[in-house]
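Shared chain: subunit A. Partners: subunit B in the first complex, subunit C in the second.
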Partner chain A sequence: MKTDSLLIRIGLGFYLVLFFTYLLGPLVLMSITAFNSPSFPQATPWEVLTFEWFNVLYNDARIVNGIKNSFIIGFFTVILSVIMGLAGALVLTQIWPKIRATFYTIIIAPILIPGVVLGISTLVFWDRVNVMLGLPNDSFLHNGILLTVLGQSTFIASYCMLVFVARLQRYDLGLTEAALDLGATHTQAFRKIQLPFLAPAIGSASVLAFLASFENYNTTTFTFGKYPTLTIELAQKVRYGINPSISALAFIIVCLTVLFALVHEVRNRRVQLAIANGAPVGAVTSGFKLPKIFAGNPVAVVLALFVAVAVAVISYAQFYDPEPAKAIILQEKRAAQQLRIEELQRKLKDKRLQKNLKGPDIFNEGKSKIPKLEEKKQKTPFGSGIFSPNNLNKVAPGAETPAPAPKPASPFGSVFDPTNLNKVAPKE
Partner chain B sequence: MDAGFIKEFFKRNGVGMGWFLIIAVGFWVVVLIILPQISMFDFSFRNDLPPPEIGGPKDVYTLKNYQYLIFGADGNPDGYNKTDLAVFGKTLLAAAFVTILDLVLCYPIAYYLGQSTGGGMARLFVLLLIIPYWINEILRAFAFRIIFGDSGVINEMLMVIGIIDNPIDFVRENIALYAGLGYAYILLMIFPMYNVIESLDRNQIEAARDMGASWIKIHRRIVIPYAKPGISSGCTMVFMLSAGALAAPQILGGPSSLWFTQIIYQWFNQSVNWPQGSAFAAVLLVTCIIIVLGVMRLFNVNMGDIGK
Partner chain C sequence: MSEGVGVDLENVWIRFGDFVAVREANVQINGGEFFSFLGPSGCGKTTILRAVSGFLEPSDGNVLIGGNNMAGFGPNERPTALIFQNLALFPLMKVWENIAFSMEVRGASAGERRKRADELLDMIALSGQGDKLPSELSGGQKQRVAIARALCAEPDVLLLDEPLSALDLKLRQHMRSELREIQKRVGITFIYITHDQGEALTMSDSVAVMKAGIIDQIADGKSIYDDPATAFVASFVGENNVFRGKVKSVSKDSAIIETNRTGNLRARISSDNQGKLKVGDDAMMFIRPEALDISTNDTSSDTRIKARVTHSEFEGQSYHVFLEGTEGKEMKMSLINRGEDRMYERGKELYLDFDANQAVALPAGELASE
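== the complex of A and B ==
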């Protein structure tokens, strides 16, 4: 019996490790690629630590524009979905019991309907309305922001509704009745009694709605029109050629997520600690006493460490210059490349010698150059533009000359871009 | 009866609040949910016409968009539209496969979390579970593309160990796609199961164990029957979302394999034949609903359990 439970424990531990590797491994690896210098995102082989991809990201106008659109759409989606979700939940609690199940099915259905279908139906419907009203083709009903907000709110309101239903289950209707008995109007009773009770749910529904809107792709891809959101821009980038600046963005999002999760957890634990110690919640959540939050709260310590590391990395990035290290790698690569070329040439010479021994063959002379070139192309294992076959060919003729000495490191990232390299190589 | 209900509704909420609720819910249910779906179905029975001819004599109902899905274009020698139907079938099968994969992967952790006492370890796990879910869907797919690429970590590792000589094309084999889709919906599988298992009385398990039930028997006879609503709710969501996924197949799908949503996308954005695309979307929607309702009937769960 005892060995049996031990076996289960080992199995469980192994499973947990595997599971969380699957869950977090991709994110960790993607984050690593943001700091590696090759222009195709890869974690291995590791070359040089670099921060340039963050610069590339910052200067990408389409990404910045996408973020702006995402925020605009997210803002309106949150407002619309929270209002509709709240109304839906309130109606659900008091609707005629016979149609309650039907009503619930209808307002929960948007979660289950494929996002693609929601996007298409929104697009088609408002297009029809546009035709029916006889509006021109570029009327406000074809505005990408409006359509996206409407399409996304259709299902995000269902998420919000679920949050509100969960909260309303704990609401005592007697409170509203008491307020009405004391002479409050219905609106007053709602605003002063029920709304404050629902405030935390409104907060979490808003966060949920914003996140859902921000990351939605399936619906938005049909409705965005002239206003691509961040997700749309990312999808286009990922589909047609990728570079590590996307990893850099992913890294930033991962960090923000971890940060928010930690802050949330710290607050939760503080409140729990306070309740455990018998203190009123307000006493702990209002005042901010620095030393106290660390007391018995390991998450707070982790959070503080996290922030400290972030500050350290950012300040390090200010004066860190990857160019010298990059130059060394470049040199190593070239040396390896040259060795390979020399070896190839030697082999070719040997072959030619052997063939010459067998007898001169004029036709092969010409042909033999073709495989040589092709072989060289295949042998470049680096996806980066620096060593694209064209560059290689320019360098190759001067195979005897040593690799050009790296220029003195400069703070400008462009010194070592491929075009400069071409200018340098022939001179030496 | 109906009128009485409406009177009661206004009496309970007051006139202002009552109208607000009716307008907000009405807008959502009628204008955002029901009418667009009806108009999509309506559109799928129409001809593909240029805007000036809409409402004209040629604007009549037709079945040809659905006929196209089944029989292909006119004069198709095969008799059936084999390409699109094959993609459709493959999408549903693959979605079912992803659902089962997620179920097997997530059941143990849902059980572990649900039966743990909620200590620091369990809370950490929940936190770790939520973090990947907050990352953009596109970025998650992107991460898998980095991992499974030709010079990705997995290929590099296998080559260093010496198991393989040449990189395996995980993308062409669709392994990357299944891994990415399964990854995307882990949380939606875990939480419904976790919520149900959490409310299971631990004494039941203790009692079964005391009476000599084996580890497998406990799960088969006690935990799984009890967790059925959670399991089916999780499976429903994962199945619907993977069948309707668009981003992951676009990014991780092999060049030769299409997902049904990608065909719909092509009808809309490349061929610009909206009625045809609407017909395909309608077929996808109806099929998914039928499958889900069938599974629910099979396992005896109702709609109210979904989304808990």
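== the complex of A and C ==
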């Protein structure tokens, strides 16, 4: 029995580790690459701690512009989607029950339609509208921001509506009736009673809408026009090869997400704690009473640690200069390169000596191709296919290195990559 | 007392599709009266209240408040305030904001509102609690806040929809007298909806007893209890022993009923039915448990029943003796505890006497289900 439960525990622990590795591993790995100096995002081998990729990110005009556009589009999408979603939810909860199911299906359909289709149809539809109105080709209806907001809102409004419906199901219509009974108009009853009740849902719907807008690619790709969003820029960048500045961006986003989630969670816990102890909610939501919070609130502790680490990293970055370390590494790389070259030359000499003694050794050819290189210059007496110049050219550059240079996982890194050498050389 | 604004229902019908919720209701409620609608759940009493407060329009007939026809006036245009069954206090507003909500929508300044709210808080004995949220109050306190909120609107008619049903027994009894107290102080018309006959009888000037959309009787509490108009009222309000049978003979105000199992019994005809009962009609006779007493005489009479004890219960202020008459006819007798031992053993034979004036003969009709 005891060994059984032990086995189960070990199994469970193993599963949990596996699960969280799968879930968080990529994020952690990517965050590490943001601080490693090689120009291709890689976590191993660890070379030097650097913050230059944040700098690169900051100086990348296209990324910054993309972020700006994403925020503008996100802002307007939130406004439009929340309003449409709220209206839809109010209708849904008050509509005649018999057509409620039909209405629900219609209004939820945009979520089920692929984003690509929504993107194309948005483009086509508003183009037609533009033509029908007789507007010029560069009218506001062809503005990328407007079209993207319209296109994204078609389905994001449905998400918002689901959030509102969930909240409205807990709303007691008696409250509206009570307000009416006390002399309020319908507008007053909505504004003073129902809207404040919906406030938390408006908050979460806004966050949801903003995130959905921020990360949207497949609808936006058809509608962005002259205003590429961050996702569009990233996708275009990937085509030309990426550098760790993208990891840096991802790291910033992860940090912000974690920070906001923690702040929200801490707030929630304080309110719940207050309610459980019968204290008025106002006592915890106003004013900051840290010491009490730390007692029995692990999330607060995590948050504090997180902030401390962030502060430490930032202050470290103020005086930390990775350049000397980089120079050392470069020197080491050079030295290693030099060694390899010398070794190569020595081997060549040996081969030549051997050749002079014994003549060419056919059986050795497969193991070392260097002699062949040399033999190329001589006239080969054998006329075999291995010596054809095409063949030689193919194998020659990688001949001595055990693994191809561009592979980041190679134990030699990209030391032998000629392009790499060119890049680092001027920095010396 | 009669200075307040009265409410009249004139031939009011309320239908939902084919379902008739209220049938031909004719009610006159005098100004300043505490009026109750009493009936089992689903009898249409809340529907009547909603018609008075303006949440629904009657399908037929008129609702008059202070003599004015209210047709076409919404709930926010009527001089009524409703206290909801679940109170419907605004959960996100502080207590004082809740109370002064009716002033807020009229555009009163915060200072004015606060002042009036504090006055009302004093009245309901909750001074200093204005800055709490409703969720921080107890059930009885919420109750009083709901009343204060309704009174703050200065209505001519206050409508109460089973406001005490969520409270526990002790608090309910306390709130009964408090409500009555408040009503006397403010002097406005109260219309009270309840399924609890105790509430209706103790608080009301008049009670309307409803059954499935029909108002069976409108009278003061004593008449409802002692002089019921229908078999339903007799069986719904208080406890009653029912004897079914046929009318054997009728005089002006009393009748002899030939009961199915207990023989001929004499009873007074209820005042609403005098002249309506004919010889040979199906009839019902009701005797309250407390109207029965033990007889020392064993001769047969039309005000005497022979029965055998099945069991006895002691309830402090009274004993309840359960008996079985001929052919298993079940009866209950309540005897005031005056220090004698009334715990009769099973099987003991007793003769029960009653005063014919305390027994009521009524036309046969539907009884209230338990």
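Definition applied: the second predicted complex is superposed on the first by the 339 of 428 C-alpha atoms of A that agree within 3 Å, B and C clash if a C-alpha of one lies under 4 Å from a C-alpha of the other, contacts with A are read in each partner's own complex, and residues count from 1 in each chain.
Here is the rule we use: a contact is a pair of C-beta atoms (placed from the backbone, for glycine too) under 8 Å apart; a residue touches a chain by one contact, two chains touch by 3 or more.
What you see is a predicted model; the values in this text were computed from it and never measured.
Q: Under the superposition described at the top, does placing subunit B and subunit C together on subunit A give a clash or a fit?
A: On the shared subunit A, the partners fit.
Q: Which of the two partners, first being subunit B and second being subunit C, lies in contact with A:N137: first, second, both, or neither?
A: First partner only, subunit B.
Q: With the two complexes superposed on chain A, say which partner A:Q272 touches: subunit B (first), subunit C (second), both, or neither.
A: Neither subunit B nor subunit C is touched by A:Q272.
Q: Figure out whether A:L162 sits in contact with subunit B (first) or subunit C (second), or with both, or with neither.
A: first
Q: After lining up the shared chain so the two structures overlap, which partner does A:A109 touch, if you call subunit B first and subunit C second: first, second, both or neither?
A: In the superposition, A:A109 contacts subunit B only.
Q: Going by the contact rule stated at the top, is it subunit B or subunit C that touches a larger number of residues on subunit A?
A: B
Q: Check whether A:G88 is in contact with subunit B, with subunit C, with both or with neither, and answer first, second, both or neither.
A: Only subunit B; A:G88 stays clear of subunit C.
Q: If you stack the two complexes on chain A, which partner ends up touching A:T185: first (subunit B), second (subunit C), both, or neither?
A: both
Q: Thinking of the overlay built on chain A, is A:Y15 touched by subunit B (first), by subunit C (second), by both, or by neither?
A: A:Y15 sits against subunit B, while subunit C stays out of touch.
Q: Please state the minimum Cα-Cα separation between subunit B and subunit C in the superposed model, rounded to the nearest whole Å.
A: 9
Q: Could you list which residues of subunit A make contact with subunit B in one structure and with subunit C in the other?
A: 185
Q: Going by the contact rule set out above, which residues of subunit A touch subunit B in the complex?
A: Its residues touching subunit B are 4, 8, 12, 15-16, 19-20, 22-27, 29-30, 33, 40-45, 83-84, 86-88, 90-91, 94, 96, 101, 104-118, 120-125, 127-128, 131, 137, 150, 153-154, 157-158, 162, 185-187, 190, 211, 214-215, 217-218, 221-222, 230-231, 234-235, 238-239, 242, 246-247, 249-250, 253-254, 257-258, 261, 265, 298, 381, 383.
Q: Quick check: in the complex, which residue numbers of subunit B touch subunit A?
A: Against subunit A, the touching part of subunit B is residues 2, 5, 9, 12-18, 20-21, 24-25, 27-29, 32-37, 39-40, 43, 51, 54-55, 105, 108-109, 112, 120, 123, 125, 127-132, 134-147, 149, 151-153, 156-157, 183, 186, 215, 236-237, 240-241, 243-247, 250-251, 261, 264-265, 268, 274, 277-278, 281-282, 284-285, 288-289, 292, 303-304, 306-307.
Q: Which residues of subunit A touch subunit C in their complex?
A: Of all residues in subunit A, those touching subunit C are 172, 174-175, 177-185, 188, 192-193, 196-197, 278, 280-281.
Q: Quick check on the complex: what are the subunit C residues that touch subunit A?
A: On the subunit C side, the touching residues are 53-55, 74-76, 80-82, 84, 86, 88, 90-92, 101-102, 104-106, 132-133, 136, 149-150, 153.
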